[in-house]
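Both of the next two complexes hold chain A, though its partner changes from chain B to chain C.
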Partner chain A sequence: MKTYTRPMAGWWRRNPYYLWYMLREASCLFVTAYALVLLAGLFRLAQGKQAYEAWLQALASPLSLAFHAVALVLVLYHAWTWFRVMPRTMPFLRIGGRRVPDGFIVASAFASSIVLSGALFIAVWQL
Partner chain B sequence: MAALKRSNKPVFWSLFGAGGMLAALIGPMLIFITGIAVPPQAMSYERVLVFARHGLGKLAILMVISLFLFHGVHRMYHCLHDFGIHVGPGLKALFHGFAVAGTLVAAYLLIGL
Partner chain C sequence: MSKTIQIECLRYHPETDTEPHYQTYEVPFTDDMSVLQGLQYIKDRLDGSLTFRWSCRMAICGSCGQMVNGVPLLGCETFLRDYYPGKVRVEPLNHFPIVRDLAIDQSDFLTKLEAVKPFLISENVPEKGTFRQTPEQMEDYYQYSKCINCLLCYAACPQYGLNSSFTGPAALALLHRYNADSRDEGTSERMKLVNAEDGVWGCTLVGYCSEVCPKAVDPARAVNQNKINSAKDYFFRFFRK
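Showing the complex of A and B:
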């Protein structure tokens, strides 16, 4: 049996809200590709010093820099949306019998991200 | 009464969630360090090898690669639906299988270091 299927091409281009949604979803391509870049680095590391340094050199290419710059922006946007929906994606949190306010959950998530990223930055440059 | 078949959704959603959380917490900084700044000392062959040979270093590398993959493929899989592509168990196995394969390769490489 053939049934009518409503066409849905381009639906997300008609409303800015959906456009932002699609932009957020696009971050998944970059998160996946970034994981593969790291996996390639691990593979080259296992091959030895020369191979690893060739990987480092590839990272310095304009194409790689452009990829990482776009990935950085999209993952930042992913983080922004991820933290902002956290009060709705996680179970109710109660402290002392009272529900933790949404704003507090979002603020703690942003704070954790800043602290962890800062710690990572310091660890890489100081250790 | 026939036993209800357990859904595998919670497993993949948890992996998606864990990857999304990790990416949100440290993703931007990781991308900045390994992709844009590439500090020559910290990312030298010797330093990275020492890090990747340490148990905790192995765990950190595996977590980032594996959870980012599971997060990415899960979102891609659901994006197909947004584009009007009807997904079934075959595509689901393909997408998640990709993340499983990536995880196994990473684990194999880390063990061999």
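Showing the complex of A and C:
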């Protein structure tokens, strides 16, 4: 039987849903880059005070600030997308014989991350 | 029928065409007419050669899945009024080979469906009466049993489009429907398919399959729950006899 199969080239531009998906996948590069910057800071800290302060100064450059602004937005988007699909990646959760609604799981993930981030922020602020 | 809408159909005739082209029809319609009814109007009154599949007209047979303005939908529950005064572009489901016009070749899916053994495998059939199940045990698989094999999820899945050996959303959801059933004992037979490169690990959780499912089966959930099951199966094999 003769059939025709359509090409896939440019598939991710055909539907906005795929564009958001590709952005989610691309955001992981920024998550990684941000983690590497932090790791570099740790490495510089181990080298001594002068090295650490040079690293801090490098962070204050406009290029670094721009990178961190973009990275923050993308990390937040990354977190949001994965929190949203969280209930789909786990077995049905039951409490007292009743299934916990997906919305509740997502909301509690958001709530706990906001509380923990806030607590960490306050703790660091008071150092 | 005072209003008229343009329906643009993908046309492909395997004996005369090397590739598909589009043909536009002017279709008079009423507010209660579905895209499927629009196609039926074309076939009955304008062009008898237009080929498409349909059967029940009420979103239960799963035959009339098609791309409507680029979105996988059932033609019977999609209404022309929602597109008016714009036009409607109807194409066969994405990612499948086109046999003719809007009809696709679904044999690849049927092979996969058969491979997941979509039936209860049980040695311990009760001698008297029926199996007993709690509402909780039923809830574990019920939503997955509502699949009507319409293939909208395959048309939504770019991973299937890029690599058609991927078992895909509906077949994996139906696999899970039986594995999650307390009456079934076929899990070990089906885990080979779950664990395979083309099993659940072919999924990158795009999630569009669950968005387009007309029956709220949520295949993305079935596939991703089984990533956990597959990982457990891998690590716990050392403890099994």
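FYI, the second predicted complex is superposed on the first by the 117 of 127 C-alpha atoms of A that agree within 3 Å, B and C clash if a C-alpha of one lies under 4 Å from a C-alpha of the other, contacts with A are read in each partner's own complex, and residues count from 1 in each chain.
Criterion: contacts are C-beta pairs under 8 Å (C-beta built on N, C-alpha and C of every residue); 3 or more make two chains touch, one makes a residue touch a chain.
A quick note: this is a predicted structure, and the numbers were derived from the prediction, not measured.
After overlaying the two complexes on the shared chain, residue contacts for A:8 are found with chain B and with chain C alike. Contact with chain C, but none with chain B, is seen for A:97 once the two complexes are overlaid on the shared chain. In the superposed model, A:85 makes contact with chain C only, not with chain B. For chain A, the partner touching the most residues, choosing from chain B and chain C, is B. Judged by the document's definition of touching, chain A residues 5, 8, 12, 25, 89 lie at the interface with chain B and also at the interface with chain C. The residues of chain C lying in touch with chain A in their complex are 12, 14-15, 17, 19-20, 70-71, 94, 96-99, 105, 136, 139-140, 158, 161-162, 204-208, 210-211, 218, 220-221, 224-225, 227-228.
Residues of chain A touching chain C in their complex: 1-6, 8, 11-12, 14-15, 17-18, 21, 25, 85, 87-92, 94, 97, 99. The touching residues of chain B, when paired with chain A in their complex, are 17, 19-21, 23-36, 38-39, 42-43, 45, 48-49, 52, 61, 64-66, 68-69, 71-76, 79, 82-84, 102, 105-106, 109-110, 112-113.
Residues 5, 7-9, 12, 22, 25, 27-29, 31-32, 34-39, 41-43, 45-46, 49, 52-53, 56, 59-60, 64-65, 67-69, 71-72, 75-76, 78-79, 82-83, 89, 109, 112-113, 116-117, 120-121, 124-125, 127 of chain A touch chain B in their complex.
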